[in-house]
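Next up: some structures, all given as structure tokens.
Okay, so subunit A shows up in both of these, paired with subunit B first and subunit C after.
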Partner chain A sequence: MMNADSMTSIVTQLNALTDGLFLLSCFAMVAMRQILACLKIFIIQACLLAVSACLLGYLYATEHLFWVASITVAAKVVIIPWLLRKSISDDVYARREVSQVLNIPTSLLIALGLAIFAFALTSPLLPATAGPAKVNLPVGLAGLFIGAFVIAARREAVPEVIGILAMENGAFLAGISIAPTLSLIAELSAAFDGLVVVLVFGLLTRRIYKHVGTTMVGNLTILRED
Partner chain B sequence: MELIAMLVILAVAAGLCLIPTESDVPAPAITVLSGIAVAALAVRVALKAATGTPVVAIPNWLACDSFGALIVVLVSYIGVGTSIFSWGNMKRPAGKGGASRLRRYYCLYNLFVMSMLAVPMFTQISLVWIALELTTLTSVFLVCYDKTPEAYEAAWKYAVLTTMGAIVALFGILLLYWGMRSAGGGLFTWDGLAGVMPNIPPGILKTGFILILIGLGSKAGMAPLHSWLPDAYSQAPVPICIFLSFVETATIPYVIFRLWPGLAGPVGATTGTWLVFFGLLSAGIAAFLLIQVKDLKRLFAFSTIEHHGIILVAAGLGGTAAGYSAAYQIMTHMITKSFCFFAVGAVLLVVKDQRIASVRGLVRSFPFAGVALLLGALAVAGAPPFAVFLSEFSVLKAGLTSGQYLAVGLLVLFIAISFCAIMYHHSRMAFGRPDGPVQAPAAPISYVAPLFLTAVPMVLLWLYMPGPLNSLLRLAGATMGR
Partner chain C sequence: MTSRLLFNIVQVLVVLGFAPLVKGVLARLKERVQSRQGPSIFQPYRDLRKLFSKDEVVSDQSSWIFRAAPYVVFIAPIFVTLLIPVLTNYPLFFAFMGDMLGGGFILALGGFFAALAAVDTANPYGAMGASRTRMVGFLAEPVFMMVFFTVSFSAGSTIPYIVQENWISPFSNFFTPSHILVVLSFLMLIIAETGSIPVDNPSGHFELAMIDESKSLEYSGRGAALMKWGGYMKFFVLLCIFLNVLVTPWGLAGSQHIYDLLLAIPLVLFKMFLFLLVLVVIESSLSKLRLFRITEFLTAAFITAVAAILVGLLQI
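The block that comes next holds the complex of A and B.
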């Protein structure tokens, strides 16, 4: 029979492992050219977020985080990918994006820089007693930054939407560690908000495809200061 | 009670607008009626809040103090004008499905106003964030109402940049929650946060605040994150431009300034400097972009960025007088900018092209629009005897009294450049020789009424400030004045 202390330390390490994989998934999202692969990585990332929420729920002994985990699985692993697949035609997903703004090695280097920046930014904020937040906060902020970078570097509509969702995942990965007791209403409405975001962007992409004839939103540059 | 009623009325109106009918009258009529009802309730709320006691509908969830009431009453008062204007301005689009598109416009319009009013009413900060996010999501399809490639491009940029900003702000809000919990706070409301803010570690407070400022700033068109704003303005229907500018210069500053009272001491000094810096940057960039602008609606978009900058500087100067001037500037800008956009709508009655170069000699060819546009330009650029002059003057005075000469000097310079740029473009549009004979239509009542509604306070505030309004401004200024 294991005592409580060693159990806690094992769970903390498992959580650190999950966070490491989360960070890896952020890099994978930068490196993937194929749009469907991007979506799959997002699903994996959402699963990792849910796993981390469960582990932290055990550590902080609050059932609240288990609810967060189930909401995450329902919204981000099931409904959002389904909505994204439904709203945009299949041939968009089969496409390989060859014309990114930057090539992949450069993108990965920038992502690495952003991750280091996130660690540098958060380390002075963390007291010695922060516990799992020591890993979750910097990894979450790195996820936020890299998600923003994905949006900037991609020209296709769907990867840009996935970038937004990845930013949200990053914010939540940090959130479950530093705000585990934030009211459930906030979590529910945030999940609802995520769904509406996807619905709005999905519909918008569909209309752009119909009226403009492309989903390469990065190439829309009619409006500018001349 | 009034607060719940206002939100419910708008939600019900949004639903009713969707009912399919043969005629195009019901949806705008419902919108105007709900607008009037909401404005009446808002005036009641404002009168109560002007006495200094917040109006509470649900304790710790839904309440409105003086600052919130100021925003609520202004949005809903001008909302009446905007709904009347929509009735005249928004025509049923040609082609199949045009009628249902128009109904969806009014549905989203009501939801947009509802989310905008919800921001100052919610007291739970996480819900405020949701309401802010809803202002984006309800307005995306209003921006691309015209269904042209340009409109979709504008809507996409708007949606992506503002949603990104909202998530960055969410991270900041979570950091503040963390700080509040570690400082032993209870409920995550504005008051709960302000109470424990002095005990929050300064690092967390600063990082949280800067993330919120940058995140919300990108939603408010704060330079250098403003690139989506002129695009969205140039494509959105005129009534939507008005509401977008309210989000940028009223609701977002409201949320940022709400954090103000708790940011005292050394942290407060740095955050004040950030506000002044970003404010001056916005005002400066907007002033120079105003010189080269070629599109009529983009011109007023840059003017919105400029005023957003002035408001940030005003609050960043610190002190009660500066807080009062920031609240005053928020109010005068909302009134004046809506007047300007109503005038732009009138111009677009005769000129089908938004390019400034294609508008000439309006005063002669269509005096109603020409005079309105010229008055609007003078008012928004800050010429006396209009309200913006008074508020800008109070900002400068507050800065000079507290000895911040550099900030005030730069602000005066940027205001002067904007003034010259705005007047240069407008004098060419108003005077000069018309390109050809123009069939000037009779001024429609749906344009005259909103212009009148906004012109009255725009001019009258120079002579007379109603007592309750003044006390709202003073109380709001005290909230910001630390």
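The block that comes next holds the complex of A and C.
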């Protein structure tokens, strides 16, 4: 049987590994061309967030983080993807290539720059959050930035919604390391916020698609008066 | 001292002898996945024997580079074998002659000569293939560098024998995020460097779509055999670096006993077999990328490697 110390160090490493994969999933979201693949990456990202919350819950011995994990799984792995699939017609998902403002290698390098910026930004804060969760803060912040970049770089409505949700994932990942005993009501309200956002966006996109026949947000720029 | 020199030579013999077998097993597995019979796993040996017994035709328009290239391509992986752990987990006689960067340079030298020789004969497909391999090569170069930096940064050394210890002592080091990310990134690199499917199709016979194969189109007889054998050994050496240094440093000989060394041969081959299964799944479930998508593939590998060094900087 392993002693408690080596168990703790393994769980710490696993948490760091989960965070590393989370960072990778943020990059993957920038690189994916298909909308459906974007959605799948988002589901994986939410799963990784839940795993990280569980591992930190074990390390800090708080049940709040397990609640966070279960809320994340329920809202972001099951309900939000289902809502996105239901509210928007299949034609949108069937399209093969999402158009982007920049080509993919350039976008990836910009995302990398954002991640380095996030790491540089949080490095003075790290001594304050010393402990097993010290990877969560920079990775979460990087997720936040890259989510914002996804919103800016994509021209389609659905990936932009996924970008907003990825920002929220990043914020949660950073949050659980700073405030492991946040009250449940805050987590619940944040999760409901996400749900409402998806519902509103989904219905709006559906209406736009019905009236205009496209969900290309990028085309909105040609709507100006001369 | 003498035993270390002897073991080093045994390592070279193992690489020489088993490299065609690994390639044969890979070809057979791929055919089986596509529910075909496939060639025997010893087919590469037969190919080599046939080519060695045939006459060689060399264009009189070609220069010395064309004649020298097969030998360089053949010898480069052997030199790298002297530097890396193939069977033992302690440094052998030549281990401190060069580090991982040195090994990378020697392998790149072989590729460089192969590309030059392809241009040398003025065969249009050769020049096209050479320029494509160079494109893949220069995109893979920064990934190589980043992987080496990450590995040597976390191990504090660039000698492969010392690096491998670092990942498993203590055992929780195995789950370090930088380790896993480096492994992912190096896997993508191996796929690009050995011309496996998302980047190149090694079994394709259409010259316009070739990347790696078109470089040796002009060779015949002994030259072709040496080029082929060199290619098999390069694949074997890359697998050794990947499996013995980066992923699973288990199963290597720990003591200076000859039986340990002999026992390590089937264990290393078994590890390679497991990796070939993974490679076959990757190759059979993906389609070949268009030429200009390769940039995206290798950018993804680069990003993964940089993410590894970023997370590694936190000293987790």
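We take it that the second predicted complex is superposed on the first by the 217 of 226 C-alpha atoms of A that agree within 3 Å, B and C clash if a C-alpha of one lies under 4 Å from a C-alpha of the other, contacts with A are read in each partner's own complex, and residues count from 1 in each chain.
In this text, contacts are C-beta pairs under 8 Å (C-beta built on N, C-alpha and C of every residue); 3 or more make two chains touch, one makes a residue touch a chain.
Here the structure is a predicted model, which is why all the values come from computation and not from measurement.
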After aligning the two structures on subunit A, examine subunit B and subunit C and state clash or fit.
fit
Among the partners subunit B and subunit C, which is in contact with a greater number of residues of subunit A?
B
Quick one: the Cα-centre angle at subunit A between subunit B and subunit C, nearest 10 degrees, please.
150
Go through the superposed model and pick first if A:175 touches only subunit B, second if only subunit C, both, or neither.
first
Mind working out whether A:189 is in touch with subunit B, subunit C, both or neither, as first, second, both or neither?
first
Minimum Cα separation, subunit C to subunit B, after superposition on A (Å):
18
Subunit C-facing residues of subunit A, complex
6, 9-10, 12-14, 16-17, 19-21, 23-24, 27-28, 31, 104-105, 108-109, 111-112, 115-116, 119, 126, 134-135, 138-139
If we count contacts the way the header does, which residues on subunit A are in touch with subunit B in the complex?
121-122, 124-125, 127, 133, 140-141, 144, 147-148, 151, 157, 160, 164, 167-168, 170-171, 174-175, 178-179, 181-183, 185-186, 189-190, 193, 196-197, 200-201, 203-204, 207-208, 211-212, 217, 220-223, 225-226
For the subunit C and subunit A complex, residues of the former touching the latter
170-173, 175-178, 180-181, 184, 295-296, 299-300, 303-304, 306-308, 310-311, 313-314, 316
Would you tell me which residues of subunit B are touching subunit A in their complex?
124, 126-127, 130, 133-134, 137, 140-141, 144, 147-150, 152-157, 159-160, 163-164, 167-168, 170-171, 174-175, 177-178, 181, 188, 201, 203-204, 207, 230-231, 234-235, 289, 292-294
